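Please find the structures below.
Both complexes below contain chain A, partnered by chain B and then by chain C.
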Partner chain A sequence: MLKKRGKGSNNKINILPGLEKLKESADFIHYKNDGNPGFYVNYFKSLIDVDILHRDILRYVSKSTTKKLSELKNELPIEVVMETSDVEFITDKIFRGFVFVQLENDLSNGLLIRAEKHSVRDVTIPEVEYSVIGPKESFVESYEVNLNLIRSRLPDSQLRLKQYKIGSLSRSKVGLLYMDGLTNQENVETVNQRLEDIDIDMLNDISNIAELISDSQLSPFPQLLDTERPDRTCAALAEGKVVILMDRSPHVLLGPTSLIEFFSSFEDYYIHWILASMFRLIRLVAVILSIVATPIYVAVLTYHHEVLPQDLIGTLVTSRRNVPFPPILEAIILELTIELLREAGARLPTKIGQTIGIVGGIVIGTAAVQAGLTSNILLIIVALSALGSFTTPIYNIGNTIRLIRFPLLIFGSLFGLLGVVICVVFILAHLIQLTSLGRPYMEPIYPFRFGDFRDAIVRLTLRERNTRPVYLRTQKPIRFPEPEKDNKSTDIYE
Partner chain B sequence: MKGMTTVQDSSKISPFLVLYLIVSTQVGVGVLGFQKYIVEGMGYDAWMAIILAGLIVHLYIYMIYSIMRKADMDIIELNHVLFGKWIGNLINLVFILYLLILSLTVLRTYIEVVQVWMFRNLNTWIIAFFILLLVLFVIKGGFRSVVGICFLSVLLPSFLILTLYFPLQFAHFGNLLPIGDFTMKELVISTRNMVLSYLGFELLFFFYPFIKNGEKSQKWAHLGNFVTVSIYLVIGIVSFAYFAEPYIKEAEWATLTLWKVVELPFLARFEYIGVTTWLFIILPILCLWLWAASRGVKHMIPKLKQKRILYIMVAVILVSSGLFQTREEISFLNTLSSRVGFYFLGFYIPLLYIIMLVKKEVRKS
Partner chain C sequence: MKRLAILSISTLLFLTSCFLQEEIVDDISMVTVIGFDKGEGEKILATINVPFHQSNIEVINKTYQTEAVFTKDATDIGTSKSDTPMVIAQNEVLIFSKELAEENLMDYLDSYQRDPSISTRLFVAVAEDKSAPLIARNNSINQDIGVLIGKMFRNNIERNFLPQTNLHLFLYDYYQPGRDPFLPIISKDEEQYQVKGISFFKGATYKGEIEFGYETMVFRQLRESFSHGAYTFETKDQEWASIQNVSSKKSVDVVLPPGEKPTIKINVKMNGFLREYSGEKIEEKTIKEISKQMEDSIKEKSTELLGMFEEWGVDPLGLGNEIRKNKRGWKEKEWEPIYEKVNVDVNINVTIKETGVTS
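Now for the complex of A and B:
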């Protein structure tokens, strides 16, 4: 850039023609101010803060009598002022909210003055990953604010930021955060490489990046954890993970990650470890039930009613007596109804969404059973599985769970319980093969790492979790010195 | 191109996983009905045969480890080096055929169990197709994926051992008495039949080069065999204590019958759960054996792609699985594979061991 600037000033070319293209936009302002000396002002009305322009720029420039840009630069009360003659650079900066000022006597050079307008919403409470206890901040759409939220929690020189500009049209600012000397260099390099390889015109949200850099594009399982909580992000950084953030996206990506991590709510770390472990177990059971409950119902009722004990089969038969459909049809109708309700609820504003919940849940449910279209036992099962899939703390994995229920349903109706097991094994085999940034996704179950179970299905006390997860292959596997064990008194207090 | 038997470090597995590999290959469809075959000789003293056969298998594992440690190459190459190109290839071919027949036997027997206990009219080809599709999917993920399935297949179905609590309530351990009522010949028959149930450990020949610090894994292999012996012993003793001797001699699948006693408030007929869960147990066997077989062929003819070989093998197994329909035919398949396995164990491994003892140095050709 410097080279180009030097070259430009030697040749003394008028820059103004280079900006002609910009003038075609209605919100581009270009005018000449007469004075001694006269000056040109160029900027996008929509990108700059008019207050700064009037208060800090125009006032000083019009008062000034100097004919040298470098002197004018010193008179301005703004820090980011650049003297340049590179047309490409100028155009780029004008699009980033800079005002370009030229003096009448020197049209080959000009000053770029920063006056960008930040349209930022306030930092609000997290909505997707809400927690009762713990910090109530969540990321917003501004890169700078998000970085501030992270840096203020990790005021450490090890925290490094690499920056990229991705997208030929959107030119989105993308950042890669990691802890130098702690995070595995290979992981950083993998993400770095994948980000650099992205060749795309438009990035709208960080989920686009997640899709572009994931290990397997075919897998329905999310391979990078997407979060809106700064505290979770910082904990991940301290653990040795890599964080990707993007301007205009209120979420960040964490990686490498493992399947189990998607079932841990960050609130788990703020409540007592026994309670947290209990809730995690409940969540896991809920998710497993949510996947297999309806398929098992269909399999059992289609092929193996012998499996049910005498008393239970009585209840089932009574509830299904008037239902004219085979179990698979009954189940698919109900599952689709629930999905329909969810989709309708998600697309509507919150207040109407609640009404949909009532109409759908109570009215349709009761009516369907009374009309004899479904059995109420299946209604309970389907509603419970829907509930189970909503217990996942990370939104993405909940969607995956809703999806993988359907192949299980179909196989359950084709081959009974055997079909369900075939499908389950298929999913397990897929999970075993899946990687996140090249690290095994099923860790700590396979490869089996006993140490990492301290924070997987259960969460042990903070003091006991003094090592970083093995699969991250960090440069410093120990987080803090192991607490001293009190071996002296195991006897009763006297 | 690197040497054929050099395995990259990144695709190697930790030594302790050998335990799961051994257990998952040894415990297969045999567990469902081994009682009938061992009672044939010794009657209710057959639990001794379970232990004795286990000890013999320990000896074989020891032999395999001493062979492999000295050879430092896999079995296909070793056969080439020791027996020359033609005879070596012939032995390799027999070995691979043996693996294929065993895979077919396991698959067909499992499907038979499903047909007898769950779906009377299930088409063999259709269900074999889906199971083999699963096998293909797992093997395509590479050796690590196969080992992962082996690991999970030991872990997940392990809850089934708890179901033995139910028959224990009605057990008469007096059935086992008097102890020592057998002749030498009966002991040999029972032990021979039992050793065949332990087959599967010979795959060590194939996956040994894939183990990090191969020598250190020996204790895990022995431990794995010990676990298998314990599983068989527990199931054997419980079924002897539960069933009367004349019944067990007729029972085709005594272990499955044991599950008939299981009674839970939400579940009758536990054998349905048992049979379906058993898919977890036979899957790693099929994966590992077909993986080994296709890799073996690839070593013999390096030009072929392992994927292609695998597709052909799977297709052959799929087609032939449907050809065996009646009990007698499937029984013939079982006898065939156990015969081949018997000679293989009885002659080939000791022969190899002795040759390796005599030979001072083995060089790669």
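Now for the complex of A and C:
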């Protein structure tokens, strides 16, 4: 009954030759089904759901006796059915998981029936931005599922979606989400224009888009926040930010964003505000320590022994006496070792990765000190700064911190503390002029916006954070009316 | 524009006259104490102590002796005897022999006050006699003697009767018009350092000294407010009383009647705690008596001290400066000698707040 592919032209004003090229792929199925009337079926077996094909398409098409496509269309239990004769459109849709059905008597027309297969993994626990408290859902690789996760949290007519198809080969589905009447239209337009201007063949992940549409591509600082948490995404939408999502990518991009936001874990909003503020401060201190601790060690030990406290000299001198290298070499060796460990740990499968910790901890830690290759104190400092860079809730900024330590280290060894200061000034100058979708990156520190400090270095109570961040220039700056303060004092026993 | 920016930044970086000498902590000899004595002719004899850290607690003190014209030369010459270059940035204590102090200390301290790497918390002291024996031959002390002496001074300032002193305060007193500096006197008694007394200077020249103990307590009370420190004395009824100083507050009032001799009132309010008493019982009356006696004895001592200062022509209490604070157009020359131009009125008020549990 089934004829294998190869049955080509039945010579009328036929659209079948247009599909000739598809037949060169081994997974393209094309056959004629004899019947009354006979019909042709074309599809990619790798793209469609065979269940739908057999249960909802073939059963009805083979039973049908009609010779008109429009009648056949009504008989099918599937909603998305299109009658068309545009070869290009047909090709495109076949690649999107549609089945193309033609009746024997009318080869210039055909029906496109949707039967796509969703290869979707389950919604799982967030791994990069894990939190103990709060929702445990994270985005997956499917655009529809991700949209569902967002829409179900924001069932509001203001939530708008613009869709793009980017990449001449990948034809990736990219969505732009925003709240109409709330998000600054300028921000939406900026993203819209930048997305439309992308001219590329292949997009693999949303990080490609982040790289393509960032304000400054030379900067090591990420200018769009990359998250896998639907709750964070919805909070950003409600705040007046723009969200970009892409099919086949389990992350979404949020923008405009500021540097401080990269150090706020979303769990901060689920725990008590005083605790959250404390943890945020600890995280900021850890990051600063992680950047400057080793450079300061090198600078002080090489040039500024006068600043060392008297009580510390004995410890420093004795731990360094057996080390044959100058402090800079010692520091670079250790820093590179830690980076090596981290890279090795990231490349290896999880089960083998565990041994890396042991190798790193015992071999590098203890043995290097005993062999007199590094000093104990530097080992502590380097380990602490590595630890500090792990505290960042957003993975991308952690990588940036890993990197900017090195120029500081080299300047510190060349010019002492002066060099460290010069390097820090360079970094700050760069950060101050940096923008995210045209909005200042260092906000609220520069430009100084006092109101936005309510959710920056510390997080105040939800009640007090009743305005949207100033730098987003939203159409509705007030989130909710300020609750009336109840000044009446009550006794606990009343 | 960009090229100009890069050029100017690199100029700033590479053409600075700031000269960074690489001095890695374990490749330098960090001098912690230097003692200066009179050497041959114009030269000074410097005794330099360099600690060698064996472990973070065990230290061997190495001593070098050099003769040089200037203070900084001494360490430079010392470098030629040592395996690593000598640096003085971690210097804790400077000791001058009495012989040098009698000349002019500023000749030697000048290079120290101008060196930015020197901490002005550096202690400057005068040796009882010569400074070399204080530093040399310290083989039995397995601690950095610089740290040791520095801590000893700090301890005496915090818990005893040594008034606040360091290089900064010395210079402050030296440059402030109507004030004269003082320095502690250090001595060594069988491997143990101690503060022997306080020496007084006119300008930077040694004039006289008082002994550590009761005299320095009274001096400190007249000079500054402080807490801590204990003193034991004999009462009129042949009993002994030990009073711990809880707080001693000093304030100064200046009365300037027109056409008359101005009066400087130094008020000292001391709160004490009667720790021990050899008598049978402590009653309200005894406490009053003890505090009265203490007041009298402090007052007596302070008159004695002021007499000594007048004799030496020094003003470590800054009496001239007190007048300067209150009088326009003050000139140092017009108010010298200060003790003849003003009346000094010392008011002591001792309160015993506590006697502890009595049975």
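Annotations
Quick note on the criterion: the second predicted complex is superposed on the first by the 474 of 494 C-alpha atoms of A that agree within 3 Å, B and C clash if a C-alpha of one lies under 4 Å from a C-alpha of the other, contacts with A are read in each partner's own complex, and residues count from 1 in each chain.
Here is the rule we go by: a residue touches a chain if its C-beta (ideal position, glycine included) is under 8 Å from a C-beta of that chain, and two chains touch if they have at least 3 such contacts.
As the structure is a computational prediction, the values presented were derived from the model and not from experiment.
Once both complexes are superposed on chain A, the partners chain B and chain C clash. When the two structures are aligned on the shared chain, A:Y446 is found in touch with chain B, with no touch to chain C.
In the superposed model, A:V420 lies in contact with chain B only, and not with chain C. In the overlay built on the shared chain, the residue A:Y130 is in contact with neither chain B nor chain C.
Judged by the touch definition given at the top, the superposed model places A:P326 against chain C, while chain B stays out of reach. In the superposition on chain A, contact is made by A:L301 with chain C only, not with chain B. Of the two partner chains placed by the overlay, only chain C lies in contact with A:T318; chain B stays clear of it. Of the two partner chains placed by superposition, only chain B is touched by A:A429; chain C is not.
In the overlay built on the shared chain, the residue A:W273 is in contact with neither chain B nor chain C. Of the two partner chains, neither chain B nor chain C is touched by A:F28. Counting contacts as defined above, chain A residues 303, 306, 308, 310, 415-416, 418, 422 meet chain B in one complex and chain C in the other. The touching residues of chain A, when paired with chain B in their complex, are 303-304, 306-310, 312, 415-418, 420-422, 425-426, 428-430, 432-433, 442, 445-448. Residue ranges on chain A touching chain C, taken from their complex, read 301-303, 305-306, 308, 310-311, 313-321, 323, 326-327, 415-416, 418, 422. If you check the complex, the residues on chain B that touch chain A are 14, 114, 118-119, 122, 127, 130-131, 134, 137-138, 141-142, 144-145, 148-149, 151-152, 264-269, 272-273, 275-277, 279-280, 283. Of all the residues in chain C, the ones that touch chain A in their complex are 13, 18, 20-26, 28, 30, 53-57, 59, 87, 89-90, 92, 117-119, 144, 146-147, 150.
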